[in-house]
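Notes to accompany the following structure.
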Amino acid sequence: MIYNGKKVENIKIAYIGGGSRGWAWGLMSDLALADDISGEVALYDIDMKAALDNVIIGNKFNDAEGAKSKWSYYATETLEQALDGANFVVISILPGTFDEMESDVHEPEKYGIYQPVGDSTGPGGIIRALRTIPMMQVIADGVKKCCPLAWVINYTNPMTVSIKALYETFPEIRAFGCCHEVFGTQHLLATALGELRGIKVEDRREIKTEVIGVNHFTWITEAKYRDIDLFPVYRELVEKYGETGYYEGKDENWVNNVHRTTQQVKFDLFKRYGLIAAAGDRHLAEFCPGKWYLESPETVDRWGFGLTSVKWRKEGLAARLERSRRRVSGEDKITLSPTGEEGVAQIRALLGLEDLVTNVNIPNVGQISNLPLGAVVETNAVFRDSSLVPVMSGAVPTALKGLIDRIVCCQELVTEAAIKRDLELAYIAFIGDPLVTINHEKARELFNAMVKNTAKYLGEYNI
Amino acid sequence: MIYNGKKVENIKIAYIGGGSRGWAWGLMSDLALADDISGEVALYDIDMKAALDNVIIGNKFNDAEGAKSKWSYYATETLEQALDGANFVVISILPGTFDEMESDVHEPEKYGIYQPVGDSTGPGGIIRALRTIPMMQVIADGVKKCCPLAWVINYTNPMTVSIKALYETFPEIRAFGCCHEVFGTQHLLATALGELRGIKVEDRREIKTEVIGVNHFTWITEAKYRDIDLFPVYRELVEKYGETGYYEGKDENWVNNVHRTTQQVKFDLFKRYGLIAAAGDRHLAEFCPGKWYLESPETVDRWGFGLTSVKWRKEGLAARLERSRRRVSGEDKITLSPTGEEGVAQIRALLGLEDLVTNVNIPNVGQISNLPLGAVVETNAVFRDSSLVPVMSGAVPTALKGLIDRIVCCQELVTEAAIKRDLELAYIAFIGDPLVTINHEKARELFNAMVKNTAKYLGEYNI
Amino acid sequence: MIYNGKKVENIKIAYIGGGSRGWAWGLMSDLALADDISGEVALYDIDMKAALDNVIIGNKFNDAEGAKSKWSYYATETLEQALDGANFVVISILPGTFDEMESDVHEPEKYGIYQPVGDSTGPGGIIRALRTIPMMQVIADGVKKCCPLAWVINYTNPMTVSIKALYETFPEIRAFGCCHEVFGTQHLLATALGELRGIKVEDRREIKTEVIGVNHFTWITEAKYRDIDLFPVYRELVEKYGETGYYEGKDENWVNNVHRTTQQVKFDLFKRYGLIAAAGDRHLAEFCPGKWYLESPETVDRWGFGLTSVKWRKEGLAARLERSRRRVSGEDKITLSPTGEEGVAQIRALLGLEDLVTNVNIPNVGQISNLPLGAVVETNAVFRDSSLVPVMSGAVPTALKGLIDRIVCCQELVTEAAIKRDLELAYIAFIGDPLVTINHEKARELFNAMVKNTAKYLGEYNI
Amino acid sequence: MIYNGKKVENIKIAYIGGGSRGWAWGLMSDLALADDISGEVALYDIDMKAALDNVIIGNKFNDAEGAKSKWSYYATETLEQALDGANFVVISILPGTFDEMESDVHEPEKYGIYQPVGDSTGPGGIIRALRTIPMMQVIADGVKKCCPLAWVINYTNPMTVSIKALYETFPEIRAFGCCHEVFGTQHLLATALGELRGIKVEDRREIKTEVIGVNHFTWITEAKYRDIDLFPVYRELVEKYGETGYYEGKDENWVNNVHRTTQQVKFDLFKRYGLIAAAGDRHLAEFCPGKWYLESPETVDRWGFGLTSVKWRKEGLAARLERSRRRVSGEDKITLSPTGEEGVAQIRALLGLEDLVTNVNIPNVGQISNLPLGAVVETNAVFRDSSLVPVMSGAVPTALKGLIDRIVCCQELVTEAAIKRDLELAYIAFIGDPLVTINHEKARELFNAMVKNTAKYLGEYNI
């Protein structure tokens, strides 16, 4: 890595899960648009073919219209080769395949448990964690060996336990988890300012928020735009749209879009807890007691969001594979557009190019005063020259603490269970999850079935 | 109050709920059996007739065979008269009548929510709290005015929020809550020592336990008898009887006895959490997620305990009323037998007659390191000359914390709601309770019905 | 206050101590150089004449070469008039006169206690605090009444107890204390990078530091420049210059300059405690046990710094009065030059014009994990749109905690004493101060003499 | 160990420092007076001859008039032999000889530093700690190997760092430190009750106190006798005798007795800090800033206590050696009298024979809420069947915290330094001690001299 005036050259980024047909392309685009950093990106993937395709695609980004920097992409055969000497490590893997995810998401439906996403929490998130955590341990060991001072950026879900596993394996690791869910709520606040106050906010980054909680169950405790306190604005929005839901794009029919929501869960939570829940409704619903928003598909419908089926994901994958083929062959032209993610901004800040305050998932060292020390939490942090420091984010209010602490304990337990490869302990976490609203016999039956469906990835466990 | 050598005379005890036909007689018996304290007991009850009957009965205790001390009983017309200059205050009231309790316990059954007791937690405990807390505020105000240095012993349920309300109203109050549930588990440990080790323990007080948690959901973290660690003994008991249940009296059929249990809930929790739950199974089940042990009457049956119906309570009351009549008329002779409670032992310790270490409910000042400060918790405490100090009881283990912290937050919220007379806030606590395993619409419907059924006692609320 | 595109107009700043001939002119210059803010500055001073002179001078800044914004200056007769509707309040007062300060600094010399500054800690700082705190209470009451949402920036010493007093008086106050001492150490680090690594750093702001401690006894726990850890660089500097001292300006003779130091105290502390003390040596020495660096003028000399006499200050004041006269009369031309302070940068950040991370003095809400909550500490904080949030700054290491906690307790005690107007309590703080290395009789004698010398300002105390 | 009805037989006690001619005889006497415990005492001492003499003496205690139990005494050649299978371990060693102690106590006098005891804190306590801690590590290793479940009772000074070293070496050790200094203050309170209230208290154990602090700098926060709050009584005592001092034995001249004090330091501290300092004045003075009570022999005289010279100790030793000879030879008859120590009471409580609440030195797990976790502190604890649990003792008040925290940090640092065998770190602790009121050059000189004088015992250090 070389500092050349205001630019940094020869940066090495290792991308674990480098065959990705989504996040990887986004990062390529954001890197190409940054004019003051350049270097190489080592792609590592257990699907070598996918990584090699992305090498071809990645290198084409250098020639896309508007590209401001050059990055050299190549694939490595081993994880160690990718990590060796890296300055930054990006982790964006699919733990298992969509077949395992199909079980995670849909097996519980047989017991009346519906999960709109199923990758962070709930039965699906817990079983996925059992697969993911051993992978994170391998990566952390690699970082320790090959690039102990590298900054490690994780995008993989389940986020919280992934970060926790990285730190448990290599306590000195400089890892953090990134998630864009808060950004969506900032965007919602910006829209509200426009609709209710006639103030046009160009970039959601101009909305300044303080957050507390855990990933996908994050809560805004303070929101400001210049000298405007946005809580009264949001309260007005909730009063106006609390019953009907709020559609930002009027012409779109949300039922057709598995990701769009009407914010009704978010609004309902605000009415009750007084803080602004800062994730998509699909995620938020999964962290609440199961009967609240997920009792049945009809309940889900009533709250105006959708259940993302794995069938839909598989179809999406097929489309992305086709898109990959076309990008490799040159049938599809590479175009640049900013993703809105903060990964590259975080990299630039850590390089000392521009200070940044944004939300991040790291172990609690006191930034949330009434959640357990060591548990991974989501709050703001300051990114500056080789430095990442969380900001003091205060205490979770009592009513919310009843909801969040339960999640935190469950996540702590799942991590411990996975690291010990102890399924019995994992089961104890499982029955403590708010979505597991079934009796002991059924819970055991479901747990066993889900474990069996993902057994290929649980070889080291005491099955 | 006069110290006369090793005796204390002229003690004044105020008994709030002095018309009680259960606890009051027990206290009378224990007082009569104490040979180093004497004085007067002022009985106050909103049912003056009941208090006057107890005056007659109480004074007869002085002449019972084996009585070692004299106590003068009288009734007062006002709370203040009872409290005026009292050295000790005993609170043992029924908040409302069994008609209100019938709604507390049985209304939720319409929604599939079964409560074996219904007076501490769950929908029943929460609605009961809304009635009880304003009464506790009145008592605390009276104590502040009439006897600010008196020691206040509460037996009323819901215990936790009652104590919290007393302290919220008069922060300097010297109040604590007593509960015998831990004693039962000490007795079980003593029995296990006999059965599995052939060691005869005469008194459950010889079993020394450390406890953490909240009332009726208390957990033994350490249990010793002389130099014997009782955890391995208990583990053996659980292994032997975990599936079948453990009947201490072999010839009794537990299904006939609403209070007897087979300890299967306790054993199941031990297998999972590694600590010894120290309350009756009927109580323990109410603090766990609703589907675990209370999904249906059949589930309850399978776990070997019973649902205590309010019909049974009403019948019991009729029997006790008859017994009262016979005691007043002299048809029933007064006999003394120790209750096994620690109330009188606590009084003697606070008077400086004998040091005592026992479990108690008071606000957390750090004795449980990872539950919120100020929340009422149950741990051991040292009772000595005018001094009550909790012992350091450590941290709740992660898996259990997920269960307990949720309860604590709920109880904090209920107290706040009741003190503010704010039903909407009470509703937020209500839907956070582990037994409320129903959706929002049904929960609101149930809450409204239960509030209506107890409306007579909620006059000051924003109904 | 009006947002006009990227500019903010009609800002009202209240300047308490507006007759100042130093800080006020610096702020005027920095304001004139900011191109995106404008408005009015109300100057309030107990010396109305001085404020009126500064009105004339202030308004001339608008016409200085290079001025980018217009500010309207005026004087007010009352504090309330200045505060009324203010968006920002700057406090920069001299509590008492240099006559009182002469006693603060020099009276203790009769007892062998030497203070190089005498305005923050030590006997001088404590007595000055007794004068200052009641003034801060008046200001806080004014803010509460006239501009409760205003941001209050204090420059007055003693800093820590001034901030504490503001918060004790009006807990919702949005106050913080600014100090440039850390900046000097950042400058030193930048210089070291140049000298030892050949890296030219243009602006000390490019050096990113994390700090913990209390004002004037602040410690850098982490220092970075881009990807360079500055601790090894600093260690090298200490090894090279530890014995001889380090003179940044080679041609200047430090003995002639009361403010210049040779950094030997700083270097000595680093060798022992491993963190970089981040204030001038004159300040640092005052927080250490009295015999370490201040046993005698010879000791001070040996450590390469100077004792700032109040005689020198009085002479300086005379020169500044003359300069004021010449500026008012026009004999001296107004020129603009940035002060290097962060006051205007903080104002701009709080207005939402640019995020800023800098060090600040505010009450501890957990940002320093092992100093008392509520005590005023110095750490970094994030300044953004109407928001000021401290960053988590970790724990003070054991060896340093022995030094710092003593100071914190003393400062807490002094504030309590001053608010209660309780000289006996102040005396208890006094004898706990590290510089008070004398016996009880002498300490009492000194305390009484100092109190007497400043009695004019202690009218409300129990003298 | 065998339980036989209400008695415990075959107890094995290991006595490290078993050649002691003071503490050992006291324990022998107390053991002989306990009628429900019996067994064997293994004496280990580096002076084998002394241990063998004590075997003879110890066995004679069995035949003394009034002896209620039999104990078999024998000496062992190795530490391991003594520890092997022990149920209790008593540590009562002299670390080094009185020659080393002579340097500890008197070398600092050359620099104007006077220490009345010199074995707990101050220069003497720190240097003594450097000798003691490696010995404690050897003992803790032995306990870990030979009797990991044994209860370890330490009487050796410096107490705090000795206990800390035991726990650092073997974290599961069941060790605690006993000190009788609090008992003396309880006795003083009892005497005050008699003198000022005419109440005769037979046993200081009837005075119930809550304590916080560190060993020899312990503070009573609550003192009760039955229903009497003893703080007003003590205040009265202080008012009456604050200036003149209080001599319990009127006819004794305190200047002749190195251990007697007039309580003037204790009274002075009470006037200032509002809590009752609970140790002898000689100890208390050593923990305060050096000039307060120890500026010179004249100051010491003025405060009514004495400096215990090591010459006096050496003479005392000679007398005790002679007494030992006479006891061995039978010239002196063995008589029993209770020592007033609580060692045997603690043993009986841990065996389950009687609950006990008394003060003890163990690591802080939160019993003092604002001192560092892990630091060894002195508070009350509950001793019961195989269980030792501290009671919640609250927070140190701000003014006192400034004094105590400094001590705690110093002790933490000394332990770390000794375990690392790092003299430079020890020096940092040394200059932070409140008695080291000299400049750097002199402090270094003194430290070096003291280290040299004790070098025989610092073989493993980086001298």
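Every chain is named by a letter (A, B, C and D) in the order it is written, and numbering of its residues begins at 1.
Keep in mind that, in the parts below, contacts are C-beta pairs under 8 Å (C-beta built on N, C-alpha and C of every residue); 3 or more make two chains touch, one makes a residue touch a chain.
Predicted model only: the values in this text are computed from it and were never measured.
Greatest Cα centroid separation from subunit A: this falls to D.
For this pair, subunit B with subunit D, the centres built from the Cα atoms lie 43 Å apart.
If each chain is reduced to the centroid of its CA atoms, subunit A and subunit D end up 57 Å from each other.
For the pair subunit A and subunit B, the distance between C-alpha centroids works out to 46 Å. Residues of subunit B found to touch two or more other chains are absent. A list of each chain pair in contact follows: A-B, A-C, B-D, C-D.
By the touch criterion stated above, subunit D contacts subunit B in their complex at residues 1, 3, 8, 206, 208, 210, 222, 224-229, 351-352, 355, 357, 365-367, 369, 380, 382, 384-387, 389-394. Within the complex, the subunit C residues that touch subunit D are 272-273, 289-292, 295, 299, 370, 372, 398-399, 401-403, 405-406, 408-410, 412-413, 416, 428-429, 431-432, 436-440.
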